[in-house]
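Next come two complexes, and both contain chain A; in the first it sits with chain B, in the second with chain C.
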Partner chain A sequence: MSEALIRQEPVSETPFVSEGIRISLAPPMQRHALRARNAEDLERLLKVKIPTKVGTSQGGILCLGPDEWYLRSAMGKAIPTGEGLPLAVTDVSDRSICLIVEGQRASEILMAGCPLDLDQFAVGRATRTIYETVEIIVMRDAEDRFHVEVWRSFAAWLWMAMTTAARH
Partner chain B sequence: MILIHCPYCDEKRPEIEFANAGQAHIARPLDPSGQSDAEWETYLFIRANPRGRHHERWRHVHGCGRFFNAVRDTVTDKFETTYKAGEPRR
Partner chain C sequence: MSGFRLETGGRIDRGQPVTFSFDGKTYTGFAGDSLASALLANGVMLFGRSFKYHRPRGLVAAGSEEPNALISVDRGPGRFTPNLRATGVEIHDGLKAFSQNRWPSLAMDFGAINDRLGMFFPAGFYNKTFMWPRSFWDRVYEPAIRKMAGLGDAPTAEDPDVYASTYAHCDLLIIGAGPAGIDAALGAMDTNKRIVLIDEQDELGGGALADPALWPWLERSVKALANAANVTILTRTTAFGYYHDNFIGAVQRLTDQSPEITDSPREKLWRIRAGEVVLAQGAIERPLVFDGNDTPGVMLSSAAKVYANRYGVAVGKAPALMASHDSGWHDVFALAKAGISISAIIDVRDSVDSALMREADRMGIPVYLNHAVVGVRGRHGVSSIDICNSGDQRVHRVQADALLMAGGWTPSVHLWSHSKGSLKWRDDLGAYVPDVPNENVQCVGACAGDWDFGTGAVIDMLPTPKDQSRIKAFVDFQNDVTAKDIKLAVREGFRSIEHIKRYTTNGMATDQGKTSNLNGLQIASSALHKPVPEIGLTSFRPPYTPQTFGALAGHAKGALFQPTRTTNIDSWAQAHGAVFELVAQWRRARYFPKSGEDMHAAVNRECVAVRSSVGIFDASTLGKIEVVGPDAAEFLNRMYTNPWKALEPGRCRYGLLLKEDGFITDDGVSARLAPDRFHLTTTTGGAARVLNMMEDYLQTEWPDLDVWLTSTTEQYAVIALQGPNARKVLEPLVEGIDLSAEAFPHMAIREGRICGVETRLFRVSFTGELGFEINVPTAYGRAIWEQLMAQGAQYDITPYGTEAMHVLRAEKGFIIVGQDTDGTITPFDAGLDWAVGKKKPDFVGKRSMTRPDIVAPGRKQLVGLLTDDPNVVLEEGAQIVADPKQPIPMTMIGHVTSSYWSETLGRSIAMALVAGGHDMTGGTLYIPMPGKTHTAKVSGVVFYDSEGARLHV
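And now, the complex of A and B:
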């Protein structure tokens, strides 16, 4: 009764390309939800600097809230669990996928559904927000490149909404 | 669209990211079993419904996820101020 485990992506693996815009699926990666009262506890565990200002990112770690971080890392990288420490490290790798939105029209297409003023959103910033009715995490990777994390079950709809916005 | 200042994110964010969570500064009685039915009813259900300045709890649900308190005018829908949960009433 064994069946091969095949990874099925909820959106097209062929990038959507149009004038000034390219929307593509990011390769699989590891994601961890980090919770702790003190950022220092996480710094000691992960041995990296943790951003403490809500809405910023540093070295693949996003500060989503005063006690909540989101760590994105390459597949296979060992992440300590912090057993016994006053913190929680939870593997949520397959909860979401990442869409890379790039090109000169990237912020315009995101702002078609996201109420944030992304023109004022500096490179390196990252926050949880909403795209029409779907919760997303948006990161500005470069002046014309954003990473959009979305839960798998919402991904097909988000892909349809963003590609529709891009066609207009 | 109304912009609401989130005291945890420390910036103004669009209204759609927030959820109202009812009247603020309602402390749960320390000894629930010592309460009369009327007192318990008051704690559970009886809320102020002012015309004008109102203290409310809000949650930045599609953002940092935090609950905070706000003073909003129920007539104009203007937010006078917002402050972190646990801080004294303003």
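And now, the complex of A and C:
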């Protein structure tokens, strides 16, 4: 029955397009916060390789901190909860949305509000950071394409802030 | 009359005339002119009135150090900018500029009476004079002083301009694009460094713009830099502040130089992180201190060279030079080459380089060595000067229509000082120069004291045979500080330059003493008979030059000022006429008025609906934290006041969170989903704070615990369904959960589906009625809400807002942390003893429970108040007294924390914090409010269904 219910997203599903820049809402996906003392515990549970260098990503898993990862996966994929194990898997699929920021001006528009040096941010890098006062997670998907994860209630503000920067 | 356009020369475009106005009068200049140069070309010498004495003032400088020529520019409604330096304003067609601090007009200013009364306005005058009577300060003195003294008018309309901002990163940031800065950029250009070159002027070149011999080099260099892919050039950009770790703030002016008003940004804030910084800010020429040195037409000799060579403007037909430094000689030789006849060179020194003497002789310029200017004739412009032979004290008059000052040079160490680099004194320069850096930064060129201007004598002021107490020899032009004021400060006992500065206000104007600090230091040094380094030096602080608030705010205005967080259901509330309120950053529906209803009618209706049938409430903003791991129960047991380890999966518990001081900081109902998984809730405003606090304890106190915290506030939309018919509305929509009272008791949680969507269904109540809180993935919040509205229509399901929620909870005596507590309330004060585990060995705040203050009698305790007149609703925050007949000021024993009209009870109810309140039940207290003192009986805090019969159904 959930297919019949309408998901309500906090930003327009029509992309913002301007010279050298396109900002659009990514399709729904699953997101899980992964925490563990040892990455191996998560590898055993999920049966995938877990990146251990903070600020990198591998196979949809972002290493955000020494004991913190962020797993993005396709809708419907079963993710075990790891009950009883010394780790934490928490479903946060609907906590954020993802904005895809792409085009020649992508890094310029992100750097309007994000203090990171994105010139030095290689494809595949991922990190939690801020856009002005709002927390985001930035992933560089390609030379001119970034994924920006933002909590839902801040998404409308971020959309406005980035499209304003794009118009400037 | 002084100041004219030269026949040739300058970098202005004589083919492009520009028409503008100053004080309503129309003038013509050329593209490339500053407002200062264009007005000078038109013979305007009078630019403004001084701050304190309203003395007529003209240009001193040609750059951003200009202290006098502050003007306002009006670009239309809301676009009024005061206090701009005329030297930095580029003219364009239609520019409207105005002088400041004069009435009724610049040439005829009544305020100039202050000048005649000057002897009555010594340093510290305002502090000394306007002390008594105290009440006159606000009503009489301050308004009068504000009207007389001051700068331009503050804008009154909202600024319609937009401002951009960005971060930027580079390996090498060069600030100042004079020859030294350009050389630094050229030198690094062929590396792979990312270079940013900043200059405050409209074109690169700095001092080279006034030196035609350097123009071919300048053109080649600028072209090379412009073509280099790794060099970003920012002109019209002021680096205003240098912060930690090579973080530099700069403002780029984008549109002020153009006549069209567009919707593109007016200015852009650059927040630059640089690997290495090169400061090439140059040096500022020092004025000389003598009687009449503020007469319009008396200016820096380097400025006269800039006006002649860069703008093609003569500052006078026959200017004279007063020098203590060689550089002035070179300047007037340049003026002579540009066709300006020099009336005299006066130098305070008794000998100078013979090459200078020969050149002056060759040009036929009369030279007076060992002489000083002792008087300037003319009020709105120079007509002649009196010079005095320092040997025989003979005075004679020299005809001149402008007087140029060459007092030596002050390196611009402003940004270096912001970066906390140390300075060292150089006697030969009479100035501080950069010493040991505190960041990865170096100074090059004149700002490091490295220049080819020649040498000079360092003096505090020019010698004069006149009575020093009767002359006006200005040090700080903008704040009207004279040499006499500084000497007075020393006589009155001030010893440190930091104190002298504050007492006299020397260097405290908007120019931060760019032209006055060193002269002030030298005068204080002479008066104290101590070398300058022993008197100290004043600090420079950002901004280097004044910047607009708009630029600093950047995008952060209007809707972008800060995020307004909204829930998934917010759009429904908006479509259904909700009135909103802000709670922390969240926007929440306060009530849902039907047509004709005011807030009270709507809230009464909403409350009655919940008590009699069913209400629906958006509780999505509740903070949520998922606590997961083998030690989850142990962790919560240590954090909360009550026991958590025995809580069975599927059950909920009220958690009370204290800080280490034993005072309540948050509360919420939490559920155990599995042995190692809890779903916590916090207050709306406390979500981030509680997560931080818990994370803090976990990381610093108990890093051994295997438990992790994840914020899930935004993962779930939460819909509270409350009222006797809540179960009936829910039942048909829920799969996989037995909703019966036996299977699903109060304070339990079940997981299942609602309308096919996964849900964590809580059976909890903040209203005292049968209630559920439905957690669904946020994206489905609105859809589920609409399904519940449709299903509940048969029961007249009623959406209610935060106001009704507050009334309903108050009827039940449920506290709101932060409203009924104030950071000094213990669980016992709040009547929550039952939520404290007496047998627990420890929890956060437990140790503080036995502090003497906490166990002492007479603490403020939470009680109910029932007014004797049931129709009176007390004001929240109203003070409470035990005896209304006491003389004022009365002893206040507490205050009202929550107060509402309860439609259900047909009377008002209130909660209050009252000293010793728990022992006053049944007693009468007095609440003085505007117009009347009300009486109320002390009661318990549960006003409705005290046995909880309505909950367990």
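Descriptive notes on the structure:
Rule of thumb we're sticking to: the second predicted complex is superposed on the first by the 163 of 168 C-alpha atoms of A that agree within 3 Å, B and C clash if a C-alpha of one lies under 4 Å from a C-alpha of the other, contacts with A are read in each partner's own complex, and residues count from 1 in each chain.
Operating definition for what follows: contacts are C-beta pairs under 8 Å (C-beta built on N, C-alpha and C of every residue); 3 or more make two chains touch, one makes a residue touch a chain.
This is a predicted model, so every value here is computed, not measured.
In the overlay built on the shared chain, the residue A:Thr14 is in contact with neither chain B nor chain C.
Counted by residues of chain A touched, the larger count belongs to C, out of chain B and chain C. By the document's definition of touching, both partners, chain B and chain C, reach A:Pro115.
Of the two partner chains, chain C is the only one that A:Arg152 touches; chain B does not reach it. Chain A residues in contact with chain B (one complex) as well as with chain C (other complex) are 115-116. Put simply, chain A touches chain B in their complex at residues 54-55, 64-66, 68, 115-116, 127-130, 135. Here chain C touches chain A in the complex through residues 162, 164-169, 194, 264-265, 268, 271, 273, 555-556, 559-560, 562-568, 571, 585-586, 626, 628-630, 674-677, 706-708, 710-716, 755-757, 777-784, 787, going by the rule given at the top. Within the complex, the chain A residues that touch chain C are 1-10, 28, 33, 35-37, 67, 81, 83-96, 108, 111-117, 119-120, 132-134, 151-154, 156-158, 160-161, 164-165, 168. Residues 1, 8-11, 13-14, 16-17, 62-66 of chain B touch chain A in their complex.
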